[in-house]
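In what comes next, chain A is part of two complexes: it sits with chain B in the first one and with chain C in the second one.
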Partner chain A sequence: MINPFEDFKNYPYKKKEIPLDRIVQAKEKVIGEIVEGYLKLVEEEVKDLVWMVEHSRLIKAYSSAVRTIQKIDYDTDDIEELCIELDKGDKIPYLISGPAGIYLSALLNNAKEDTIQLGLYEFKRAFHFLGYRLPQGKTLLLKGNAGDFIGAGLSGGRLVVEGSTGNWAGAGMMDGELSISGNTGQNTGAWMSGGQINVEGHILGIGKTIHGGRIYHRGNLIRPYEASTR
Partner chain B sequence: MGNGGDTYDSLLSSVWSKVRRKHFFPELPHPAISDSMDRVALEIKSKQITLSQSFIEQAARHLPLEQVIEALLDHGVSHYTYCPWDFHTHLTLYQEAKRVFKNKDKAQKSTDYFMDVVADTHCFKDKETSISQLYRHVERGALDEAIHALYQRIWGTDLNVQGHEEISRKLSRIPYLDRKHWPQSLHRFSRIIGSMLEAEQKSGTLNQPNPMGQNDFGRYSPEEMDQGLKEFAMATADPGAFKDVVKDFENELNEAGYDASSSMMGLGPGSSLDADTLFYMKLAENYTLPIKKIPIEKSGSLYPVSHSPWELGKPFRDIDPWTSFGKVMPGITQIWERREGETFGQEEGTPNCIVVIDSSGSMTNPRQRLSHAVLGAACASDAYLRNDATVAVYNFSDAKHGGHQILDYTRHRKKIYQTLCHYFGGGTRLDIDGIQSLQDPSLPDIFIITDMQITNLEVLVGYLNGLENRVTAVHIGDNARVSHFKKSTNIRKNISVYSVKKKNDIPKIVLGKIQEYFKSVS
Partner chain C sequence: MGNTVFEQENDMQKYRENGNFRQKVRTIYQFIQDNLYLNRPDMRVGEEPFNSALLFSLLTALNRGKELIIGEPGLGKTTSAEYVSAMTYRLPLGLIWASEVSGHPEQTEEKIIGRPDLGRLNQGEEVVVWSYLAQLPVKIVDEINRLPETKQSMILDGIDRGNWEYLNDVIINDEYCLFATANYQDRGTNTLIAPLIDRFDVIVESRHPGPDMALMIGMKDRHENVLRSPEYERSFQEILAQRRDHHEKMHLIEDLSTRFGDHMKKEHRIEMLSKDERQEIRACTQELPLDLDANAFLRTVIAELSFCYKYGQKRSDDQCDEGCHYTGFLCHHMKNCISNRFPTSVRTYAQSLAWLLGDEAVGIDHMKAVLPYILAHRVQWKDDVISQKQTSTRRDPLQIFMAKEMVTEVYRRYNEQSHQIKNALAVAYQSASGKDLEPIEGDHPIYLEIKRDLEEVR
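Let's turn to the complex of A and B:
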């Protein structure tokens, strides 16, 4: 009887280990840890099923997120990948906008890199709270339209949005610079106490209460009134 | 081939034998070498790999000739054995890239490069290959440099590339060898190289081919295309998504010889590609509805059925002067094709069928979303065509006000599908005379598909209850009128009613299922 595998007898078959295997494996591990951290935060935050935007709640969620990510060795590529996962929902069963944005901000603020660029063009969902509490020395460039509360609580960092934002952009910001090339929604700069907001597009509404800082529209100072009319 | 052709031939044969064994004997014809290809290293047409002699000679300045040929063949064969593997995968990948770019050229280029990375990486990891040595010496554009920088990272080998740190780092995170995630991986790949393609578009170099050759559709045979389109229609289940991809390749599909005129499964020669019709054609091929046959006897007399062009040698007596413009000239003159008439008798057969389809406003527009009505009617039509019967179509909405289209008995699949895919919208009122005009003494089967929200449903019920034809009534969704229809036709044994709420309900339909006939043939 003829052995049908005779031709393969001397075939030198050996699977090589290539760097790709290691890179993909390491990446999968980090993404797994990041996703796990996000799910843990969501579990903590949505116990009562409704996630309200309250100052104390934001601080609590942010602190919790920072604690969770401390042990993870990630970089900006991992953050971008998390955005893709949040948008597509393959690995993440649910996206709750508030905690997702807070978690992303915690990752961005604690990333090794000082300048981070995040492309938002392709995403179906709008990400909220990006740039929340962005600290001094960090620059975040968002390419594409973003959601609500962009640059909220900005703490000295530089946030550039190449696109439009939703409502409450720069709300409660304390220091730093928020530049938006497109439009902003209602309550822009509400409760801000310092820093500067520059908007090139249309501003739907300025926050009623502003404690400090400056808002420029197409290069012209529009808040505070006193300074702009001086 | 130029000088040294014999040397190349014998070398190519010996290398090909080695490459075939290495890749587990793929079913590919013997490759060739051409001296008329200047721009790319190789091309694949209908599975035939052709290598560029000028490319080989150029690369042979740095590498032994045998290694150059082997590396090129490894590259070509890996596309066949690993990625894209088949036409369906190729379309699926292109669709993903198109989602990112919304531009054909960019999507095509991104898909090409992605498939190259996957095929080359598979080859580098799992086979003994000289691809990396070859890449060290090829001429590169900016994007090629970035891809080779990626190879340096993920293969761990030096390809003499500097720079492209960020882009190659981002690209290196993609699991190229994970087949299940190829669409997601290509999505990410496309996002990352997007800025480079944008730059190529601005500089006018976007249409320049990849130096290793373009992965165009010419490599597939018409049969592979048929199968691929069928699987792609099934996977997308969305006429819009199908059209978005297939429309982009209308010319390529036609140039590649895709018309499948030899079978009833295609469009017919010289037809323009109607992607919506093609979608339902290919989707319907995934389902096979059974037909209960009935005893039929050939009457022996021939009757004219359809026209065909007259050719020299064919009898003059069948010429139809009305459609021949009074001329007797091959190509212009038409003759009648005749078919034997059928009456009931002892042999089993399939009667013809009248397909009645509701395309009123309450039904889904088949060009916008997947219409279960069109798919069901298409599957039924195919079932009758497969059984050598002919199909007539009555497509209606508000028939009293002109909202109807009648197609006489035919075996022309494209015409049937075009009539089925026609969408009127508006009200739903049936004109029984329209259906009656298609009746004939041989009692054709009637297949009606509607949501039953017909203004004159009573008239239809009365008409069907008075018929002896086998009737298969399919309702889309459930409502009070459906219940009324079921109750009103319940006592009739020649009427079978089926419900279709989702795609998977369609294969449950049995055409012409009647107790008496069933008994008589079993």
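Let's turn to the complex of A and C:
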């Protein structure tokens, strides 16, 4: 068959480019890097397929996650995309709740945006550790129910949950504000040393050991006892 | 690997000869312009001024073309063709005159092509006596539009292929060029039929030279012409009248032509072209490549002249839809579809022009220079387009003026997106070669034509 364009055989060509294609391509590249970072973290953390919530382990996992994401140029849409991928499990073969939450928190805490909103309504899974070590100057709004350890180690940021949380909400928080419009589980505010927790719904249980900070229930201070009874 | 010494010497020899031939052709142009066909330059190629009638006649003679020369009576239409023919084909002017055919309503096939040899016919033999027009490589038909339309068909095949048939005999010209002249429409003229007009490669106007040069022409002796040689003319006619095989006669004509050329050089210092030289020039010309811009520009022009979004291609009997997206392109302004003879004419004339100017490839400038003269007679404009343009201030006859405007317009469109068009063609090459690439899209008929090609090729 004759090629009627033979004269242009050696002309340097550029492929057809639709702007949307380029955007999608760039997005896919970023999400690919994010997923790769997560899998690397999981590989490091879950060598024996069990991940225990220990203070030192959390710090190590978080530091590792921060190192991994430093070179990735992502935004909040990419974080949401990772949540979708974690929930669907198409690109990610296994979801280990702890490292997944730590990794998501590292992404949220290091995002360019100061205020981040994350919709959780449509996810089948509950995400744990969201808002872990949320720093000062950051506001995270979670729409929908979240898992355990929400706002754990909160470090000056403002975390608002429009829904309920599981156990250990605000555990070990040092500073900042955690507001929950729904219910919380057991050990709310355990080991907290600063900051403030506001719960509008039902509190299943308060943490036994609380070093500082305040817990309000429907506007009433319930911890520390001394301050609330004064 | 580099060329061998032998090849390099050959190349050098070729280069020298080519340069000599070019110089010879330019001398012919200059000689005719300064002495025989006085006229004003009316076009420029790059910085160089030319007279279009003379330039295109010369290119027509060199590349075996067909030229239609229009103009007012007495402004040198036939004369320019005669001088160019005599000098490029090394024939005396009187022989050219003798071979000319005039168009008029009573013209017959017997006068134009050939007649039976009556003496031999009486003896029961069917032998054709061929006309000079059919035999000689230079053919001039004067006032072709005075031939009735039915008789124009008689010369179609001869004009197109150089095949001349009469009774059961045929002669085929291996080298020929044709010039036809036409007056503007008056009571005595007919319309040139579309198949005939499409066979002409170019159309030019032989113009009034202006009062000063007209006076110089008027001062010349009408009966003295340096290109005439009654003695040689008789010898040529004797050969043509012989009852011999056509090819044998052509060899004899070439021999005599060589002697005539020597005579002209010796007596008048006029150099003319031999058959070998013409062949060598043609070979060199045909080797000249079209650069990518010229190539893409020509494709763009053809796309506009043949495209129809709704009906697949331009057809004379299809009407354009109101509100068609492509109303801004040429396809919307014309009735007919451009023929396949058009790109052949463009390539040939652009190559000849590039060769004459000593350029190594055909570029956009060559294309822009030749295109109006190749398009003007081939495009049938819609009536409303003609009525918009016919009162415009201009120096050219309407059809050439409109063709020039058309070329400028398409060039502007091409220039705006030349990279994209070339890219589309390059991508199309890769795609047609099997690569998984989407065709490039854009707002010009050429992109859709490329897509259509790819649908066929894939």
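Here are a few things to note about the model shown:
As a convention for this text, the second predicted complex is superposed on the first by the 214 of 230 C-alpha atoms of A that agree within 3 Å, B and C clash if a C-alpha of one lies under 4 Å from a C-alpha of the other, contacts with A are read in each partner's own complex, and residues count from 1 in each chain.
Quick note on the criterion: contacts are C-beta pairs under 8 Å (C-beta built on N, C-alpha and C of every residue); 3 or more make two chains touch, one makes a residue touch a chain.
Here the structure is a predicted model, which means the values were calculated and not measured.
In the superposition on chain A, A:Leu204 makes contact with neither chain B nor chain C. In the superposed model, A:Lys16 lies in contact with both chain B and chain C. By the touch criterion defined above, A:Asp77 lies against chain B but remains apart from chain C after alignment on the C-alpha atoms of chain A. Residue by residue along chain A, chain B and chain C are tallied for touches, and B comes out ahead. With both structures placed on the common chain, the touch criterion links A:Gly119 to chain B but leaves chain C unconnected.
By the touch criterion defined above, A:Met1 lies against chain C but remains apart from chain B after alignment on the C-alpha atoms of chain A.
Of the two partner chains, chain B is the only one that A:Val24 touches; chain C does not reach it. Within chain A, the residues touched by chain B in the first complex and by chain C in the second are 7-8, 11-12, 15-16. Looking at the complex, you find that chain A touches chain C at residues 1, 3-9, 11-16.
The touching residues of chain C, counted against chain A in their complex, run 290, 292, 295-296, 422-423, 425-430, 432-433, 437-441, 450, 453, 457.
Interface residues of chain B, counted against chain A in their complex, comprise 21-22, 24-25, 100, 121, 124-126, 128, 153-156, 169-170, 172-178, 184, 188, 191. The touching residues of chain A, counted against chain B in their complex, run 7-8, 11-12, 15-16, 18-20, 23-24, 27-28, 77, 81, 84, 88, 90, 119, 122.
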